[in-house]
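Since the structure comes first, as structure tokens, the remarks are kept for the end.
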Amino acid sequence: MTATPLPAAPAPQKDRSQERQKAMLAEHFARLAAAPETGAKVVYTFVPGNLTELLLSFDILPVLPEINALQSGMRQRSREFIREAEKRGHSEDVCTYVKCDLGMKLKGNVGPTGDRLPNPDLLLLSYTGCFTFMKWFELLREEYRAPTCMLHVPYQADGKVTPSARDYVVRQLREEVIPALERITGRAYDEDRLREHLRRSAEAEEDLVRVLRSARRRPSPIDGYFGAVYYVGPIFSSFRGTADAAAYYRELREEVDERVRLGLGPVTPDGPMGPERFRLVVEGPPNWTSFREFWRMFHAEGAVCVASTYTKVGGTYDEGFRHDPDRPLETLAEYCLGCYTNRSLPTRVDVLCRYMDEYEADGLLVNSVKSCNSFSAGQLLMLREVERRTGKPGGFIESDLVDPRYFSAANVKNRIDAYLQMIEQRRRGAGA
Amino acid sequence: MITAGIDVGSSAVKVALVEHRADGSRRIAVTDRERLRKRDVASVVDEVWARALATAGVTHADVAYVATTGEGELIPFRTGHFYGMTTHARGAIELCPEARAAVDLGALHGRAMVMDGRAKVLGYRMTSQCASGSGQFLENIGRYLGVALEEVGPLSLEAKTPERCSSICAVLAETDVINMVSRGIAVQDILKGIHLSMAGRIVRLLTGAQAKGVVLVTGGLAADVGLLEAIREEAAAAGATLELRAHPLSVHAGALGAACWGAFRLEKLRRRGVALGAAGAPAGAGAGGVG
Amino acid sequence: MVAPLNADQPAAAGAAPLQALVERARALSEDVQLEAVRAWKAAHPGRIAVGSLPVWAPRELIHAAGGLPVGVRGGGDGVEVVRGDAYFQSYICQLPRSTLELALDGSYDCLDGVIFPSTCDVIRNLSGMWQLLLPGKYVRYLDVPQSLREDLGGRFLEHELRTLRDELGQLAGAPISDDALRASIAAYDAHRRAIEDVYALRAATPWLAPSWELYLVLRAGDVLPVEEHTAMLREYRELAAASGRPMEDQARVVLTGAFCERPPLGLIQTVERSGCAIVDDDLALGLRFIRGDVAPPPDEDPLAALARAFLARGRRCPTMFLPDDAGQAKGEALVEDARRAGAEGVIFAAASFCDPALLDQPMTAKAVEAAGLPSTSFKYAENTGQFQPIREQTGAFADAIKIWSDA
Amino acid sequence: MRCFVGIDLGSTTTKAVVLDEEGAVLGRGITNSRSDYDVACAVAQREALDDARLTLARRALPALGRGAPDEVLTPAAQEALLRRLEQRFRLAQHLVQLDLLGAEVTAELPAVERLFPGARLGPAIAQLLEGLRAEAPAQFLGGELPRTFFRDLAASQWARGAQAAAVPGERPYEALLGAFDKAILKVEGRLFDLGLAAVVGQAVGDLVEAGEIPGGRAGHVERALAGAVAAPLEVAASVGTGYGRARLPFPKERIRSEILCHGLGAHIMFPRTATVLDIGGQDTKAIQVDPDGIVTGFQMNDRCAAGCGRYLGYIADEMNLGVHELGPLALSARKQVRISSTCTVFAGAELRERLALGQRREDILAGLHRAIILRAMSLLARSGGVKAELTFTGGVANNPAAVAALRQLVREGYGEVPMNISPDSIYTGALGGAHFARRDVLAGAAA
């Protein structure tokens, strides 16, 4: 499902924050490439429910296979990687993130910067919001013969974090995850270091939320979907809890504040967006293989995405959650339990309705991706519910994350155009 | 001794008569093929069957075993039935003894099989429900483009910048093609693009079945040189080490294979002391003629 | 091409009772609208009927609440899906569509609640859809642990089961007692044994208990009280064993992957008619999930026993993670099952778009291959109407096994 | 006079509607969509304009009914005259296209013969063309005008003739068909100009001969008619819509989504429309509109084209029937076979499998139609359900079995909901487009 592109690809904003993020990533991948020499320990793990602060406290380098998949999609390599996985017997039907990552591994495991990624010392299976993650690491385990450590995060079926679920996660952290990390690093768990990272996380989270919320203004200074996938990058991946990330978000926040002061709209890869004509809330992940083309279908029509759920898969900070250095393991457990796709469908509907309201959106657009049952199963009902509750029209398009076979530009554009024209016609009345 | 194979496909009926000599050698006596063109299957079968017998100069009673394959299970005068992949594998070995895999590309389905030198099927893959990229599809596209089936291959070989179809669905792909024409894309490039998409699927079948070495293309599309080339390219791109071949009799592989298995079966039964009546005696119990 | 599908009739003398039993099972297995459940409720006023989706749900708890556990497994090829389709994109499996169709057309009104066991994202999200579409109905998403350690997963499962037990007690109007739970566990232990006995008969002599028939008998268990179903299974075993049906020369295969969405009966018949005898399968995985008896010693808490049995003897099927220290590699369990049943090959049959089954398959297939067993795979949907491609495939598979069996 | 044009470039057919100043429909035109979109549009528009001229002729005729008793043209004669005019016109067009076909086939011959060594097709082709030509007058001047496009009409005649003429080796069937397939594309790409005026004289002459028009009036009638059909039509504005709209030679503001056009078109035809179901060649749309014809919500089928019009096309091909014959055949079913897969491409395979199982063709067809409508029902449910009134549009609304299945399923799911179907339902999108064109101009004039 998850995570964020390298800003090396189409850059939405040639700002200082952008440059900083680029440098952070380059440095991270350089460290990964050097891991075989430096002996740094490498853990593969997932974005939703990632335990970055804990890993950092052990000086472990995280690799996020989801981001590999995403980057492969953006670099137009996914077709070949998916083909490689299907060649090994994988079905056309299943999640293409898995196949794309697997295919990349089979083709030499060369990451987005052109360096070979190091093999994992541990597969840390934090299994949040999606069952496919389990299969994914079972498959990687066969490839790498690396030990796997499971962190089972129960589902928020009733829309709230139950004490039993939290205790279960905390105990697993204490009795399974931490011992596994101690084993591979040969170091002892250092709770003070963890607290320090968590404190920085909370700082960055505060700034991120402010940036995301800026879209409540008219015109919105940011695109809360296409643009925001870049903004959530550091916090969703290997940087949450680092000083770099804190600095990045401080800078980003200042930049966005400046745009607000100047009354500017979002910047797109094709330059500043024209006048804001439509404000949309978007549910579902974007398509990476035709990301720019996809974005253009919106901004060319003056449609800005003011809020999105995809940017909450790695944490629902705008709902008030912050990492709490005073309750280190509990806060990590609550973080995992609270990720967007781990929430019950009724809760997801509530979130969307709230967005529609708070961001004064004209409508809800669902991009339903074939890969991801976790997101997609039930979206049509969610759409109906949001339409019913808000009285605003819903739109529905289908694509995929990284499988170019499932992105038909003509088809998607046809639907988006019809949807926007409908909003326009409704707004103007019969004369349109 | 003569055995016969009748392969009832979705677009054509194929008949092969094979003569087995006492020394164990074999000779392909006759192969014949008639396109169904929406005619009643039974009457087409009767027509080709009679024609094949006449060509060989034999009568029905001279045929020791009539083996059906494909959708031929209901042919009343069959002795036994073998499934398509069983017969195509056998036919491929008959036509090309070095082949260790075959890919049968017919009007609706594509299927890949891997076998050993005795035609024992070791693994196979078939196209799934979604039918984009079948021979039928190619025919439809050809009609849109005003290109005869026989021209499709040579034209595709001339392509310079192939244009891939985006759609996974054959229906939507047809529209894609119209779109391409309207954008002024050359017929050659369109055909090659379609061939490449088809080839991608076919290579996935082959690699999925773990084919290696010599692969014989059987079925009607074996005559499409453009598709063969596209498969070679896609296989190379996918890093698969396949040596693709076609045989002039490729389209008859199923019928040939059936005729050969018929003889094999007959031998097995004889050894067991079971005598078959004249050809035309009702087939034994069970759907498969083997066992 | 093939004879009409319902042409199969038990052959030999003494066929009448067998035929009657099979016809009864057929009627029950086609009862997707739950007429039998309605009848049961009418005959047992005040008692509850609670449905559960595949794979594993603790039916023992429902039973102990005096309730009727009901298998909710979609509409098969028996319902026309309209509203169900309205809520699902084309790339999602069929089961939730027909299930929702039945829920929305009132067929499930006779259910007092539905349990959604942790299986996959589709069923997980379906539990939320249920909450939105059928407000006021009891819905329980049952998370099962992916940690096999008793102090971790065990404690969590026990807590989940305890919540369920309390809620079911409330639904039924009286708390569930330990004694009742013990009795229910005993009833299900008997049921598990009866199923294993039938499976054993089929594995030994598949021609006596053809799979299409066994399949009907198993499916009847979705709506029958467990005691009745146990009796039916036992009776079926006896009648089938004595049926005197002639031996058939078929390839012996294990069918796997079809643990959730039910394949249509015609598919099972197609596989058999193309020359394969199914000697083991996971068609009733939920009922066979825990191997062996659960019955706790008198001094043990029955709920804890249930949780422990799940951890220790639950199947590591595709919906469960296989931990590093499980003592078995991926697919080894399947190979063992195949060996035990004397299978000559494995057929992977997964529902289209079923992530758990399909993502598992390459790994298990590799293990199967390493064990020297041939395998083949296809996808189906519960309402698949075209069997021709499947027949070609399983037919070729059977051909290969049979042609070369004595070579 | 000023008129407004809407063009709906569909995946299967291209439709055009011409409106007059008041918004009344003057004419409609339809052709099969082809790779040259410009030609498709031009043909559809030209047909619609020709049809508009027929309407103008119809409007002019009553004047001929006035005057001295022995001079008047009775209403029956007026009708007959109009009909004849149309028949003559269609025949003339057909003959022009046959000429084009003949020329193209002949030009393609060497290329085709090269593909089939030993084949000599010339004489057979000449004979085939002759046959087509000979059949033409009866086809057009008899009763009902053929409802198929030139391509389809000629193709089926050609196939029949080729089957009869084929001799393996010498004149292979495939070669004869191949020559046609190549030529027809060229013919379709050619625009030809043939005004109605050219056939006025013939039509009048026919009626004089038949004794419907007094010989002495012929000149007068001819002049009046020629004047009417020659009236200048000025296209004030056009709006394009449909699947291929992005490629229409129109500026962006003259392009509207199909959804809006179908919504408005349905509203104009049936003002109480609340829900629109449109089943076209490769998509199905369920649209909700408010009492002003403004779209409030819609759903379209996803990327799979299962269950759309093309599906029926494949089935018809498989059965060797025309699409318009499927519905009536399905209606004669005694029972319905349940069909689950509506995958277009496998439709043929499923059909064969069912036939082989001994099921009747009619019963299978009935099941297929129900299956298509079932999918549409899901889409309707997705879009918010069926509300009164329901208007069924798109080409498949021409199919009586689809209509019957829809009626039944709507009744089952939603009770008695009034349902509108117009014989012109295939033009709904173009009609909506034409109204947008008119509104744009009127709004511009007001501003």
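Chains here go by letter, A, B, C and D, matching the order in which they are written, and residues are numbered from 1 within each.
Following the convention adopted for this analysis, a residue touches a chain if its C-beta (ideal position, glycine included) is under 8 Å from a C-beta of that chain, and two chains touch if they have at least 3 such contacts.
Values in this document were obtained by computation on a predicted structure and should not be read as measured data.
Chemist: What chains, if any, are shared contacts of subunit B and subunit D?
Modeler: A, C
Chemist: Using the touch rule stated at the top, which two chains are linked by the largest number of C-beta contacts?
Modeler: Max contact pairs: A-C.
Chemist: If you average the CA atoms of subunit B and of subunit C, how far apart do the two points sit, in angstrom?
Modeler: 38
Chemist: Could you work out how far the Cα centre of subunit C sits from that of subunit D, in whole Å?
Modeler: It comes to 52 Å between the two C-alpha centres.
Chemist: Could you give the separation in Å between the centres of subunit A and subunit C, each centre being the mean of its C-alpha atoms?
Modeler: From the centre of subunit A to the centre of subunit C is 36 Å.
Chemist: Quick one: subunit A and subunit D, Cα centre-to-centre, how many Å?
Modeler: Measuring from centre to centre gives 49 Å for this pair.
Chemist: Multi-chain contacts only, two chains or more: what residues does subunit A have there?
Modeler: Subunit A, residues with two or more chain partners: 89, 380, 398, 406, 408, 410.
Chemist: Which positions in subunit C are in touch with at least two other chains?
Modeler: Residues 1-2, 86-87, 89, 352, 379, 388 of subunit C each touch two or more of the other chains.
Chemist: List, in ascending order, every residue of subunit B touching at least 2 other chains.
Modeler: Only 71, 74, 128-129, 167-168, 172, 179 qualify.
Chemist: Could you tell me which shape the graph of touching chains takes: line, ring, star, complete or other?
Modeler: Topology of the interface graph: complete, with all chain pairs in contact.
Chemist: Under the definition above, what is the set of subunit C residues touching subunit A in their complex?
Modeler: 86-89, 91-92, 96, 118-122, 124-129, 131-133, 140-141, 143, 145-147, 149, 151-153, 155-156, 159-160, 318-319, 321-324, 330, 350, 352-356, 358-363, 365-366, 379
Chemist: Across the complex, what residues on subunit B touch subunit A?
Modeler: 128, 166-168, 172, 179, 200, 203-204, 207-208, 237-238, 240
Chemist: Could you list, by residue number, the parts of subunit D that touch subunit C in their complex?
Modeler: For subunit D paired with subunit C, touching residues are 302-304, 306, 338-341, 346, 349-350, 353, 356-358, 374-375, 377-379, 381-382, 409, 413.
Chemist: Could you pull out which subunit B residues touch subunit D in their complex?
Modeler: Checking each residue of subunit B against subunit D gives 10, 37-38, 71, 74, 108, 129-132, 134, 136-137, 142-151, 167-172, 174-175, 178-179, 181-182.
Chemist: Which positions of subunit D touch subunit B when the two form their complex?
Modeler: Interface residues on the subunit D side: 11, 33-37, 112, 115-116, 173-175, 178, 181-186, 243-244, 247, 282, 303-305, 308, 310-311, 318-320, 341, 343-346, 348-349, 352, 356.
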